[in-house]
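The next part holds the structures, each set out as C-alpha cells.
You will see subunit A twice below: alongside subunit B first, and alongside subunit C after that.
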Partner chain A sequence: MNSIKRTFNELFKYPSAVAGLIIILLLIALSIYTLIALPYDRAISLWRGESKDWYASPKYAMPAWINSFRKNKLPTTIILKTDDPSVVKTEEKATVIYEMPFVFTADAFPSEINVFFKSTYTSSPPFVGLSIITPDEREIKLGNFKVERSLAYYLSQDQKLVKKYKDIPIQEALLMQPDSKPRKPLKGTYKLIIEGVTFDEGSTVSAEAVFYGKVSGIAGTDHKRRDLSIALLWGTPIALMFGLVAAVGTSLTQLIISAISTWFGGWIDVLIQRITNVNMVLPFLPILIMIGTFYSRSIFVILTCVILLSIFGAGILTYRAMFMQIKESPYIEASRSYGASNSRIIFKYMVPRLIPMLIPGFVSLIPSYVFLESSLAILGLGDPTIPTWGKVIDESYNSGALFNGYYYWVLEPSFLLVVTGLAFAVVGYALDRVFNPRLRGQ
Partner chain B sequence: MVDASPTIDSFNSLEQEVIKEKRSSTALRILKYTASRMVMMVITVTIGVYLTVLIANMGGYVDTIRKAQIREQVGLIVANDPVLRKLSPEVRNIRIAEMVRDQESIYGLDKPFLVRSFLYLKQALTLDLGRAMSMTSNSGSSSVRNIIIERLPPTLLLFGTSDLVLFFLALMIALSLSRHYGSVMDKIVIALTPLSSAPGWFYGIFLILIFAAVLRVLPFGGMVDAPPPKETMAYILSLLRHMLLPVAAITISSIFLSVFSWRTFFLIYSSEDYVEMAKAKGLTERDVTQKYILRPTLPTIITNFALLVIGMWVGAPIFETVFQWPGLGRALYQAIGLFDTPVIVAEAVIFSYLLGITVFLLEIVYALVDPRVQVGNEGPRA
Partner chain C sequence: MDHIIDKNEKAEPFLQQDIRERGVLLSIRDLKIWFELRKFGFGHAGYVHAVDGVSFDLHNGESIAVVGESGCGKSTLMKGILGLHRPTEGEIFFRGESIGEMKSKEIKQYRSHIGYIQQDPYGAMAPFMSVQRILTEPLSINGIKDHQQIQDMVHKALEEVKVFPVEDYLNKFPHMLSGGQQQRIVIARSMILNPNFLVADEPVSMLDASVRVEILRLLRSLQESRNLAVIYITHDLSTVSYFSRRIFVMYAGQIVEKALVQDLLNNAGHPYTQALLTGTSDPDGANAHKLKEVPPGEPPNLINPPKGCRFHPRCPKIIRGLCEVEAPPEFEPEPEHSVACWLLR
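Up next is the complex of A and B:
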C-alpha cells in the first residue's frame, strides 16, 4: 500500500503525467457515462439507423459549437410540426390552413428543405398546397399534390421549382434577399403556409417541415445523417477496453513465458527463442486481415489474435535479459536450497520481481493497441456491429471528407485518438522514470 | 508495430549459435556469418510462410480456390473441345467429373492434409498461387505473381527512402542533442517523444489535411500525376512531390522516439573514460564522435532501428491506403475489399519475405559494425 502511495507521489512530480492521469480518468468517466446513458442495443440500433431515427437530421453538418467561433453563423435545423402550439390553424368546411411561423437568423442557407406529410382518409386522399411568406411579405408558391397516407416532399426535386430558379438551389432561392450577389439569406420571421383540402368525413392531414441546418449536435453528422457523437461516445469504452486488454494480456504472458524460458533453460529456452525469431518475420497485419476476412471480424476474435501474435515479440527478449540476472540472485538460490517447486519459484519469486518493470511497459503499450484498433477499422476489418473511432475515420475517408472539406468528421475521432494515445504515453514515460530511476534526468 | 519497445540486447540474445572464433580473415569470417544467417533466415521464413498457409487454409479456403480453378479450367477445355461437346450430357458430365478428379490428384487435393499443406508451402514460397479472382495488374495480367511483382517497386521505393531519411536524420539530431545535453532543443525533443505513440498513417491524415486539402500545394495521394509525365525529369519531379508527404509522415511518427533513445545511448557512451581520454589527447570533435562515440553505439542503434523498420513493414497496408500509394499494402487493401483470397495469401507471403530480408540485412550490417558479434552472447551493454 505504501509503495503505491510512494509511486503516486513520485508520479505527481511530473506535470505531464498529472495531465495524462486526469485525461485517463476523464476518459474512464466518459466510458461509464456512455455505458449508462446510451445502452449497447440503443446505440447499435441508432447507428444502423434501423428505426429511421435520422430523417430530420442534416447531412454533413458541423458540430454546433463551431458557431461560437464564426462570424457568419450557420443555421441549425428548424423543425415545424402542424401540431405545434405556435401554429395558427384555420378550418373552413373541408379546407384546413396551417400557418407555421419560424424565425431565420443565420448567415448561411439551410442545406435542404423537406416536408413530410401524413394523412388519413377513407376513399379519396386529401390535397395539399404549400407556400412560403417571406419577412418582406412576398408569397412564394411551392408544390401542390395529393397525400396518400404518407408522403415526403423534397423541395430540391420539385421540377417546377428547379425550372423556375434554374441554377440556384431551391433552399437558397426561397430564403435569399432578392437580387443579392453573392446570395445572402434574408433574416426575419417567415411563414410556411400549408393548405389542405379533405374530401372524406374525418379525413385529416398533418405535416412536418424540416429546414435542415448546417450545424447539429456536439459532434456533427455524417453522410448517413447520423449523429457522430454516438460513435465517438461508444468508441471511448471500446478503445480503452481494446488497449487495456491487449496490453495487459500481452505483457503478462510475455513476462510469464520469459520467466519459464530462463528458469528451465535448455531446449525450452531455445524453442522459445526460435518461436520469437519466427514471429518476427510473421506478417502481423496480413495475418490479422486473413483472419478478419476468412473467419470473423468480431472484436473479441481479433483481440485474441492480436494478443497471440504479439506474445512472442521483442518484449520477451527484454524480460529474458532481466530474468537472466534475477535467476542468479542469492534469494533464488536460497529458495531452491530449501526445496521450493519450479512453479513456486517462477510465479512467487521471479515474476513479481519484474512487475514494477511491467507496469510502465504496458501503459506505454496501450496507445499502440488503441491505434491498432483504428488501423484495423480503416482496413475495413472493424467489428461490423460496433461504432468505433477508427470506423468514423474510415467512413469519412471513404466519403472523401478531406477532399470535400468535411474536416470536423476526420478531426473529431483523430483528436480523441491522439488525446487517448498521448495520455497513456506520457503516463507510461513518467512511470518508467519512477520505476527505473537510472533513466531519470537523461 | 505493436511491440516496438526498443530493446537493446535483442539481437545479441537472438544469437544462439556461437560461431567459434578461429583465426580467419575478416572476409571469410563475414562470409561464414552471412551463410549461417542466410540459412537461418530461409528456415525462419519457411516456417513463417507455413504458419501463414495453415492459417489461411484452416477453413479450407485454399482448397476451395484450387477446386474452383480446376472446375473452371475443365469447363473451358470441355467447351473448346468439339468432340466432347457432341457427347450426350450424361456422358459428358461423367467425363468432366473424371477430368476434375485427375486434375485434383495432380494438384494433390486427394492427398491427406499434411502432405497437401507442404505442397501449398512450396507454391506459396514461389508465389505460384495461380490467378487472382478479380484483381489484375496494370498490364492486364491476372496472375497473382505478376500483380505482386508489379506492386513491389513502389513499396520498396517509398519505405526505402523513408527508412534512409529517418535513419540519417535521427542520427544527426541525436548526435547534436547529445552534445548539447540539457539545451532547450533537447527538452523539446524529450517532451515530444510521446508523439511517437501514433502510427505514420495518423500523421499522414493530418499532413494531407494541411498540405493537400487546406493549402492545396501537394497532392492528396498516389505516386505520380495522372496521366504520368512522359519526360524523365518531369516524372521524377512529380514522383518526388507525391513522396514528400508520406516520407514526412513516417519520419514524424518515428523520429522523436528514435532521437530520444539514441541520444541517451550517446550520452551513456560519451561519459566513458576512453572518450575523456581521447578528448584529453586533443583529438578533434569529429574524430571523437566518429571513432569513440558512434562506433561503439552503432550496433545498439541498428538493433533499435531494425525493430522500427519491422514495425513499418507491418503498418504498410494502412499507410499506403491512406496515401493511395500503388504498392503492396494498397494491393492488400484492395484484395480485402474484393475478397480476392489468392492475392491476400500472396501478400502475407511477400510481407514475410520482406520482413525476413530486413532482419537478414540488418544482421549483416550488425556484424559489419560490431566485430565482437561472433565471440558469443556477450554484446554491448548500454
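Up next is the complex of A and C:
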C-alpha cells in the first residue's frame, strides 16, 4: 500500500502526469455517466434509428456551442405543435384555424421545413391549408391538401412552390428579406397559419411544424439525423474497455508465459520462443481483417483475436531477458532450498519482481489498443451493433464529411481519440520515470 | 581477522568430545557433478568437471569448513548437497538414504532439514517481500497454516537472531535494513524450520569486519545451542578457525586435504594448503617488507583438467614422472588428517 502511495507522490511531481490523470479520470467519469444515463439498450435502439426518434432532428447539424464563436448565428431547430399553449386556436363550425407564432432571430436560414399532420375521421378525411405571415405582414400561401390519418409535408418537394421560386430553396424563399442579395433572413415574429376543414362529426386535425436548424445538441448530428453525442458517449467506455482489457490481457499473459518459459527452460522454452518468432512475422492486421470479413465482427471476437495475436509478441522476448537474470538470483535459489514449488516460484517470486517494470509499459499500451479498435472500425471492421469513435469516423468518411465541410463530424471523435491517447501516454512516460529513475533528466 | 576475535573465545569444545560417536548425518561418496557443454545448442562439447570425486562424512553436530579459491567447486558441492544439482556420479546419503533416489516430495522433505545461508544477504531475499513474509514463506510452503503458530515461530526466530524489537522489523523490506540485519534475517529464515544441518556459503564475506564477528558469534551460538551440523564454505582461512572442527581444502573440484583445524594450520601437508596459508594476510607492520612465496599461474581449466595431480603445473615441489602421470591417493600422516599428495607416500 505504501509503495502505491509513494508512486503517486512521485507521479504528482510531473505536471503532465497530473493533467493526464485528470483526463483519464474525466474519461472514466464520462463512461460511468454514460452507462447510467444512457443504458445500452436505449443507446443501441436510438443509434439504429428504430424508433423514428430522429424525424424532428436536423441533418448534418453542427454542435450548438459553435454559435458562441460565430458572428453569424446559425439557427436552432424550431418545433411548433398545434397543442402548444402559445398557439391561438379559433374554431368556427367545421373550420379550425391554428395561428402558430414563432420568433426567428438567426443570421442563416433553416436547413429544411417539414410539417407533419395527423387526423382522425370516420368517412372523409379533413382538408388543410397552410400559410405563413412574415414579420412585415406579407402572407405567403403554401400548399393545401387532404390529411389521411397522417401526412408529412416536405416544403422543398412542393412542386408549386419550386416552380414559383425557381432556383431559390423554399426554406430560404419563405424567410428571406425581399430582394436581398445575397439572401438574408428576415428577423422577427412569424406566424404559421394552419386552416383545417373537417367533414365528419368529431373529426380532428393536428400538426407539428419543424423548422430544422443548422446547429443541434452538444455534438451535432449525422446524415441519419442522429445525435452524434450518443456515439461519442458510448464510444468512451467501449474504447477504455477495449484498451484496458487488451493491454491487461496481453501484458500479464506475456509476463506469465515468459516466466514459465524461462523457469522450465528446455523444450518448453524452445517451443515458446519458436511460437513467438513465427507469430511476430505473421501480418497482424490482414489476419484481423480476414476474421472480421469471414467470421465475425463482434467486438468481443475481435478483442479475443487481438489478445491472442499479441500475446506471443516482442514482450515475451523482453521479459524473458529480464527473467533470465532473475532466475539465477540468490533468492530464487534460497526459495528452492526451503522447498518452493515451480508454480510458487513463477507466480510469487518471479512475476511480482517484474510488475513494476510492467506498469509503465502497460499504461502506454492502452492507447495503442484504443487506436487499433478505431482503425479496425475505419476499415469497416467495427462491431455493427455498437457505436464507437472509430465508427463515427468511418461513417463521416463514407458520407464525404471533409469534402462537404462537415468538419465537426470527423474532428470530434478524432479529438477524443487523441486526448485519450495523449493522457495515457503522458501518464505512461511519467510512470516510466518513476519506476526507472535513470531516465530522469537533470 | 584473528586480531579482532578474542583468542580466549576460541575454545574448542568440539575437540574435547569425540564427535564421531554421534553418528553420521551426511555421507558423500565419490561425488561428481559435471555440467555438459553444448555446441550449437545440441552437439556435445565436453564437460565442466565442477566437482570431481569428493568423499567425506559429516557427523551430527559437527562443523566443517570448506576452503578454496573462487571457481574450485565449493559452491557446486554445496548445491549438490542441497539437491539443487543432481550428481553426475557418486552418491549423497542423508541418514543412510541416497538423495539421488529421492522423489521430488522426499527431496522437499530433505531440504527442510537443511538451513541455507547465502553469501549476498540482500540478494537472498525477494526485494518485494516484507520481513514478515520472507520468514512466513518457508513455513507456509512446508504446510504450517495456523496463523498464530506462524506468528509465534516468526517471533521466536527473530528473537533468536537478536533482532529487537521484533515488531519494528516485521513490516520492513530488505532494502531498509543494514547488511548485518539482512544477514540476521537470512539466518532466521534458514533456522525457522528447525533444521539439524546448516549450509553456509560464505555467510560473512560481504559484510563489514565489525559485523562479521557478530554474525560468526551468532552462528556459533546457534550451532552450540541447537547442536547443528554445519558446512561452512569460505575462501577466507582467517575466519575458519572460529567455529569449525575440521577443514577441507578444495582445489579444482577435488578435496586435496582434510584435517582438524589446528592440525591444518600448524602442519599443512599439501603444497597448495601451504600456499594458501602463506597467502592469508595478517595485519602486521613487518609484513610490508616481506615477500611472500605464492605458486605461479592460475587454477586449471575445469573442462580439461591436468592429468595426474591437478596442482602439478603450479606445484613448487613437483616429483617429475609421478605427479603429472598418476593422481595421488589420500595419505594419512596422522589420525583425521588426510592429504592427497605424492610427497607423503
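The rule is simple: the second predicted complex is superposed on the first by the 441 of 442 C-alpha atoms of A that agree within 3 Å, B and C clash if a C-alpha of one lies under 4 Å from a C-alpha of the other, contacts with A are read in each partner's own complex, and residues count from 1 in each chain.
Please note the rule applied: a contact is a pair of C-beta atoms (placed from the backbone, for glycine too) under 8 Å apart; a residue touches a chain by one contact, two chains touch by 3 or more.
A quick note: this is a predicted structure, and the numbers were derived from the prediction, not measured.
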| item | value |
| --- | --- |
| Combined model on subunit A where subunit B meets subunit C, clash or fit | fit |
| Subunit B versus subunit C as contact partner of A:337, first or second or both or neither | second |
| Vertex subunit A, arms to subunit B and subunit C (CA centres, degrees, nearest 10) | 60 |
| Which superposed partner A:21 touches (first subunit B, second subunit C, both, neither) | neither |
| Touched partner set for A:176, first subunit B, second subunit C, both or neither | neither |
| Touched partner set for A:393, first subunit B, second subunit C, both or neither | first |
| Partner chain in contact with A:425 - subunit B first, subunit C second, else both or neither | first |
| When both partners are placed on the shared chain, which of subunit B and subunit C touches more of subunit A | B |
| Contacts of A:352 with subunit B and subunit C, given as first, second, both or neither | second |
| A:285 touches, of subunit B and subunit C: first, second, both or neither? | first |
| Subunit B versus subunit C - smallest C-alpha distance in the overlay, whole Å | 5 |
| Residues of subunit A that touch subunit C when the two form their complex | 329-331, 333-341, 344, 349, 352-353 |
| Subunit A residues touching subunit B - in the complex, by the definition given at the top | 16, 246, 250, 270, 273, 276-278, 280-287, 289-295, 306, 310, 313-315, 317-318, 320-321, 361, 364-365, 367-369, 371-372, 375, 378-381, 393, 397, 402-403, 405, 407, 410-411, 414, 417-418, 421-422, 424-426, 429, 439, 442 |
| Of all residues in subunit C, those that touch subunit A in their complex | 79, 82, 84, 108, 111-112, 114, 116, 118-120, 123-128, 137-138, 141-142, 186, 189, 193 |
| Footprint of subunit A on subunit B - complex, ascending | 1-5, 7, 9-10, 13-14, 16, 40, 44-45, 47-48, 51-52, 55-56, 58-59, 61, 191, 193-199, 201-202, 205-206, 208-209, 212-213, 220, 264, 267-268, 307, 310, 313-318, 321-322, 332-333, 336-337, 339, 341, 344-345, 347-348, 351-352, 355-356, 359 |
